[in-house]
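Chain IDs A, B, C, D and E follow the sequence of writing; residue 1 opens each chain.
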Amino acid sequence: MALTTVVGLFMSFGLVLWAIATQGGITRIASFVDIPSVILVLGCTIASLITNYTFKEIWAGLKSIKYLFKPKPAAQQEIIKLLVNMAIKTRKEGFLSLREEAAKNNNISLLNLGIGLIADGTDPEVTQDILINAANSESSEIGVSETIWRDLSVYAPMFGMLGTIIGLIIMLRSLTDPASIGPAMSLALITTLYGIMIAGIICLPIAGKIHNYNERLSLIRTLIIEGLLAIQAGDNSHIVEEKLKSHLIKSKT
Amino acid sequence: MALTTVVGLFMSFGLVLWAIATQGGITRIASFVDIPSVILVLGCTIASLITNYTFKEIWAGLKSIKYLFKPKPAAQQEIIKLLVNMAIKTRKEGFLSLREEAAKNNNISLLNLGIGLIADGTDPEVTQDILINAANSESSEIGVSETIWRDLSVYAPMFGMLGTIIGLIIMLRSLTDPASIGPAMSLALITTLYGIMIAGIICLPIAGKIHNYNERLSLIRTLIIEGLLAIQAGDNSHIVEEKLKSHLIKSKT
Amino acid sequence: MALTTVVGLFMSFGLVLWAIATQGGITRIASFVDIPSVILVLGCTIASLITNYTFKEIWAGLKSIKYLFKPKPAAQQEIIKLLVNMAIKTRKEGFLSLREEAAKNNNISLLNLGIGLIADGTDPEVTQDILINAANSESSEIGVSETIWRDLSVYAPMFGMLGTIIGLIIMLRSLTDPASIGPAMSLALITTLYGIMIAGIICLPIAGKIHNYNERLSLIRTLIIEGLLAIQAGDNSHIVEEKLKSHLIKSKT
Amino acid sequence: MALTTVVGLFMSFGLVLWAIATQGGITRIASFVDIPSVILVLGCTIASLITNYTFKEIWAGLKSIKYLFKPKPAAQQEIIKLLVNMAIKTRKEGFLSLREEAAKNNNISLLNLGIGLIADGTDPEVTQDILINAANSESSEIGVSETIWRDLSVYAPMFGMLGTIIGLIIMLRSLTDPASIGPAMSLALITTLYGIMIAGIICLPIAGKIHNYNERLSLIRTLIIEGLLAIQAGDNSHIVEEKLKSHLIKSKT
Amino acid sequence: MALTTVVGLFMSFGLVLWAIATQGGITRIASFVDIPSVILVLGCTIASLITNYTFKEIWAGLKSIKYLFKPKPAAQQEIIKLLVNMAIKTRKEGFLSLREEAAKNNNISLLNLGIGLIADGTDPEVTQDILINAANSESSEIGVSETIWRDLSVYAPMFGMLGTIIGLIIMLRSLTDPASIGPAMSLALITTLYGIMIAGIICLPIAGKIHNYNERLSLIRTLIIEGLLAIQAGDNSHIVEEKLKSHLIKSKT
């Protein structure tokens, strides 16, 4: 996962630099870096984000970058195998034997929570309520991070345009020197360029990746909840496997 | 919460002023303030809002600014602790002991309403109906305020563009003096600038913040309703705590 | 309600006229009235509406203007008081006593319909079905009117742009006289101005007001249906009041 | 129904022609007809439609034009009267008497299907399932036609813009002759004009009309299903009438 | 299905080439192929896709092109006939006779899965759960492919505009030679042209076709699941047929 994110981002920026160099010569690249324009677009975008969210939410949004660079979530097939093995073991050795499993898989919080509840002999309905609440909580936590990146992809081009309009207004006020029109408009357009780049190269793809990551986790959460409830109900391990695997069936049609 | 709103707004306006000063010189800033343009954009935006809503709704929308500057809503953890303590107390001392709690927490209307109903011995189903109605009523009340700010962020750029087109039409009618074209177009563009600033710096972020505030309150309302119904049902305080906490679980995956 | 609609519309048009006069002089105002442009934009917008709807639907859409100028719907508090009084009376004097109420409130059709059904001794389930059908029918009837105004706000700017493009094409064909370019483009832009004004000043706010009116009626319909069903079920008038009032609770948080 | 569609389309095209004649003189009209532009915009729009749909779906979409010109669907009041009469007859003469009704109303397929099922003594639950499936099938069949027209209204302006950009690129390559710039740009803009006209005058209103037609049929389908199920259940004809009429209640509020 | 896709794509590209040749002469076509512009637009679009998705998802999205060129899914009528025959056979010869059917239709995975479950004597409720899970899994698998093509249709025009802005900035920096302005702007516009072509001719129609394909499969999945569950329940083959056929009823109204 880390790979595609890094490759995609470098590729985009590389292509933009290459396009500038091809069309205008390598020396042109420097003229595309205008620090005041960067500050205006990025600054206003971040400022609107600060107005829009609390510091806590923005901090969570930034931390969500970790989803882009971390090892992929436990594979679906492995989770199913794990749950089926737990079903077999529980039928033989009882619910308490699940506690050992918890120790082994302590990096999947939902699984651990559920194992604890079952081993404690919690009422099945209460177990289901708690697991669904926890899954929704996890999902909406990642959802807020996605929203932050989507909001950035709306604010950035808006402030890019704002910068261009400010530039145009200043330029139009002083048309006395026709030679300065070109460079002034050129500079004015740079904020629009930054706005589109921030939105199209960085924010939209990252928001999309976080969304997809959440979707994949969602399937895993469904597998864990269905699997644990079946184990608690004492279902036959064969049926548990059949049921869980049906979530992964691919079309041949 | 107050902090981020104020910081964000000041930061945006500061950056816009700084960008104008950097590109055009400090003396330029005055030329970006065109009172007739402010009146046109802001006036038409407010006029359309007045057509769109009743005075009562607009007033509620304005009062919603309070959500941006008030202390954050009671923390979720505290609400859970409060409800668990109430569950313990009720099991020992009966429903009537809840009345004292109501006196202590009279700034959370939903909690108070629920305590009153339980202490009065209202039927559980009726209690649930009433609490859900009240939660929906609170939520949609704040929702209308959010909508007003979203509508503003649609009207403002539209009337910004309207001002620019009026300016262009006037300018194009009198092209006899080429020297006046630049300043006239410059002035015409100022309404578009105002429209984008009102939408991107003020209205959209404030609508977003009210939305997030409502979402957080929504979780607290869910905690209160679930907690009170569990207390009324006489649930074990340990299970009440477990259930409520499951709404706050964060992902480790 | 009438007041805000009228105030808003006059304010918008006044501001536009004032902006034209400020920027171009009062004599300019006449040059912003171009009858052929009005006919093109308004005519094509209405023509597309005629293609889109049947005459019956358009007629209903026009009649919906009445919602903007009529006295506000019966206040929620009054409806609740009325229903609670009916609950008290019915418990004492039986369902037939409701008939007198119907005569007094014959301007609220849903209330009257329900009273008639209850007095006739209709089965509770059938009563509920009929009242919900009637509420949905009322709601979607007003909903169609809202849709017509929303469609107008889409068509008007589209045909405004169409007019501008036609003007540009004609102007570009005859560039021989440079002096005519300005006025020709100026005229071409007027249709865009009309399109934005029709959408932003008239159609969008009116669609919004009809929407809000329908939302408020929706709450009243909910109060009436819940109240009548509770009366039919013979619920305690205190509980009826408590339940209905819960729909109006405002947040203190 | 035929009338409004024809009137609307003729009115729009007439107004556009009139606007061209008013602004540029009648002789200008010919210069707005550019066959290669028509072929490009219409051709590419149709080509994308062919990629997007199968021939069968496109054929169904074209046939949906019949909805615009056919007599209006059986009036709601008549359908109710018909169903109430059937209810009375069935109570007297049994389900088999319904067969005669089917012969009389064989142009409403859903009604006929239902009558057949009831006369055959089909299980009420199965009857309901089959009628709901059939209603959904009819509704989504018309829905696909609406989607095709909506897609056309997206593709047409996109390819209008494509044509304009191709024209601009060719013109900008050969700026040597300034006199040709105007007519070249004028020609380039014609494809944009066509794109907007196809979308705003033809496709959007037709998609809207098909949508409204489907909505009205939907209500009739609801009346038929509810009516037939009530007849099968042997409900009192008075209650059948009351229930069905509640779908048509208009607000007096 | 293959036919319409190929015809549509060739027709669009052919029309664009023809339009260029008609307006600018056949020799112009070469000037519309600018390799660096292709690399920039296509490269950045693909780069953002790589950031947005994992390699596995992109690979699945590319493989989804097979849906455009493969023989159409088993016709609905045939599936119904097959299921009705299975219903008749099962009533006579028992569930085990279904196994032979599975061998004959092994290219429809959902049908085979269901036959296996029924022949194994799986509990009806479990069978239903598994079949619905499998159907959802198939549907969302194809849904992701559709999303990838929709995302492409958003990214491509965005990077087309990015290329145009880069070109404009470079051109405006060096306005000293007025003769170069035309060709430079012409070149700058080519990336916008590419962006629109990629979106409007390729990505949007393909996304639409995949969507429609999935919809049609969805109906077939519904038929299979309803049919198999009816067979398992031992329903009369006549009723099975009646029920399944009701999904295909066309409106005569």
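Operating definition for what follows: a contact is a pair of C-beta atoms (placed from the backbone, for glycine too) under 8 Å apart; a residue touches a chain by one contact, two chains touch by 3 or more.
Quick caveat: nothing in here was measured; it's all calculated off a predicted structure.
Asks: Which is the least count of steps on a path of touching chains running from subunit A to subunit D?
Replies: 2
Asks: If we look at subunit C and subunit E, which chains touch each of them?
Replies: D
Asks: At the subunit C/subunit D interface, shared numbers over all numbers used: above half (same) or below half (different)?
Replies: Different; most numbers are used by only one of subunit C and subunit D.
Asks: Provide the C-alpha centroid distance between subunit A and subunit C, rounded to the nearest whole angstrom.
Replies: A distance of 40 Å separates the two centres.
Asks: If you average the CA atoms of subunit B and of subunit C, how many Å lie between those two points?
Replies: 25
Asks: Under the definition above, what is the set of subunit E residues touching subunit A in their complex?
Replies: Of all residues in subunit E, those touching subunit A are 36, 39-40, 43-44, 46-55, 57, 73-74, 107-110, 113, 117, 122-123, 126, 129-131, 133-134, 136-138, 141-142, 151, 154-155, 158-159, 161-163, 165-170, 172-175, 187, 217, 220.
Asks: With touch defined as at the start, can you tell me which subunit A residues reach subunit E in the complex?
Replies: 1, 3-5, 7-9, 11-12, 15-16, 18-20, 22-24, 28, 31-32, 72, 179, 181-183, 185-186, 189-190, 192-193, 196-197, 199-201, 204-206, 208-209, 212, 239, 242-243, 246-253
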